[in-house]
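Some structures are shown below for you to check.
One chain, subunit A, links the two complexes that follow: it is found with subunit B in the first and with subunit C in the second.
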Partner chain A sequence: MLFFSYFKDLVGREVTVELKNDLAIRGTLHSVDQYLNIKLENTRVVDQDKYPHMLSVRNCFIRGSVVRYVQLPPEEVDIELLHDATRREAR
Partner chain B sequence: MSWAGPDDIFLSTSLATYLDTNVVLEGACERVIVGDLYCDIPLGLYVIRGENVVIIGELDLEKEELPSRMNPVSEDEIKRAQKAEREATDLKGSMRKRMEFLDFD
Partner chain C sequence: MAVGLRHFTARAGNGSGEPILDTDNGEELVHVQPSVSVAVGDRAPESPGTLYITTRQVIWLSELDREKGYAVYFLSLSLHAVSRDPEAYPSPCIYTQIETEADEVEDESEDSDSECSEVLDLSKIREIRFIPSDANQLDTLFQVFCECAELNPEPIEEGEEEGHNWIFSADQLEDEAGAGDDVEWHFSQNPTNTIGHSNGHHDLASSVLELQINDQRFEDAEEMEQDSDTGHHHQSQQTKYLGSGMDRCTSSRYWIGF
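Up next, the complex of A and B:
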């Protein structure tokens, strides 16, 4: 629940989603759900030459289970707040 | 468009419905890409179990689907290209294993 709420607050930000198959996709976070499925707008693949499959994809839905990382801009991340929240969640 | 891993199957379709990311595709075709070659193989009606789905992407019809450098080829040719690529990676893998056995410092 914690990260679901956290991502809901990040809607509208530019993020890079790195998948377990090594594909990295940059886009604006449009929405997220309880499974941490991610919908991105204004999508572009980070290494376009290696992954020509998605040249014309502008909006996409990414299944939560295939995400390895969600790379966030450092200005958006309040480390102390996250640290406290995760500690409380773990209890 | 949806992309299901792990065999890098790339499916294009005109109609899709999904629930818990299980997908039904009508008029699906598999786009196999090997280097600069590609081939669209028609598949018809497809039901995909949600756990295999990686991405569902909306194609912008005004944009180019593929880079201009890519060439369409026939199904046989793309299968041959896939086989050649697989053999090349297998060879690389086996050579590496032989080097590891020698244990260079």
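Up next, the complex of A and C:
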């Protein structure tokens, strides 16, 4: 449940979600659930030429299983905190 | 469970025209939205029909053509969204992306489907839009899609649990030749902290707990090569270490795997 908790703390931040089909969507993290399904607000597609159909949808629900990466703003990432948390989770 | 968009024609014969669901396996109807058009891929919207959202899938049944219907399981829906931008699509709609079997392949075949072609390969369709005649229903529909999608997480197979490769220390990263361009995780090597270090037993990549047993079997130096029937082998010389110097002990320990 570590990343569920971690993403919960990032709600309200700007993230970019890259899907396994290469689509990258930027938006404000609205919510996340235990399966790491992600809801974004004020979304916009990163590479608009590739995926013109998704221009500025307002709300978006992304299935957790299709997420490849979640790109976070560097200033939001506390490496030490994550380090400790993952170590604890691994025990 | 079929991946991708499918034809759906199973309707109740009692005149309600409702789709026949897999009620034996717990599928339930959650929401019905009449007067909804559907636009499959790049094709034009199809004549109004009714949208049925169940606990497992989304079904659209045509009002005019009793033989026409489409369905897709939530397991195949990669994402869904409210689309209100007229530049993206002229009508406000629920936009969804479908995960197809051939998703790795850059398949442009959906663009080549012309209006006159009735034989449409649904399994290659990547996008589908549901256009309610009442745009005020969009938020409700979006919510229902969310709730039902949450009911359909990836099924967990037994084998997947063993596939977890947890990296505990930088040692493992070095040993795995050509391991990962993804070097986001850097663990500082802290030799005084042995917790999490696997001591070279990389096959024990799953969570293990090292148990130091102050057991009488370890105490007496004369008691060697006993208790081999348990399957554990232990040498009595290596006794009584309590957490330090573990790197010297490559045998004589109890592993408990979770």
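One rule holds in what follows: the second predicted complex is superposed on the first by the 90 of 91 C-alpha atoms of A that agree within 3 Å, B and C clash if a C-alpha of one lies under 4 Å from a C-alpha of the other, contacts with A are read in each partner's own complex, and residues count from 1 in each chain.
Rule of thumb we're sticking to: contacts are C-beta pairs under 8 Å (C-beta built on N, C-alpha and C of every residue); 3 or more make two chains touch, one makes a residue touch a chain.
No experiment lies behind these values; they were computed from the predicted model shown.
Novice: Residues of subunit A touched by subunit B versus by subunit C: which partner has the larger set?
Specialist: Of the two chains, more subunit A residues are contacted by C.
Novice: With both complexes superposed on chain A, which partner does A:C60 reach: first (subunit B), second (subunit C), both or neither?
Specialist: both
Novice: Quick one: classify A:A90 as touching subunit B (first), subunit C (second), both or neither.
Specialist: In the superposition, A:A90 contacts subunit C only.
Novice: With both complexes superposed on chain A, which partner does A:D33 reach: first (subunit B), second (subunit C), both or neither?
Specialist: Only subunit C is touched by A:D33; subunit B is not.
Novice: Mind sorting out which residues of subunit A both subunit B and subunit C touch, each in its own complex?
Specialist: 19-21, 25, 37, 43, 52-63, 65-66
Novice: For a test of understanding, state which residues of subunit A touch subunit C in their complex under the given definition.
Specialist: 19-21, 23, 25, 33, 35, 37, 39, 43, 52-66, 79, 83, 86-87, 90-91
Novice: In their complex, what parts of subunit A are in touch with subunit B?
Specialist: 19-21, 25, 37, 43, 48-49, 52-63, 65-66
Novice: What part of subunit B is in contact with subunit A in the complex they form?
Specialist: 1, 3, 5-6, 8, 10, 21, 31, 33, 50-51, 53-61, 63-67, 70
Novice: Can you name the residues of subunit C that touch subunit A in the complex?
Specialist: Subunit C reaches subunit A through residues 77-85, 87-89, 95, 97, 99, 103, 127, 142, 145-146, 149-150, 153-154, 166, 168, 185-188, 195-196, 207, 209.
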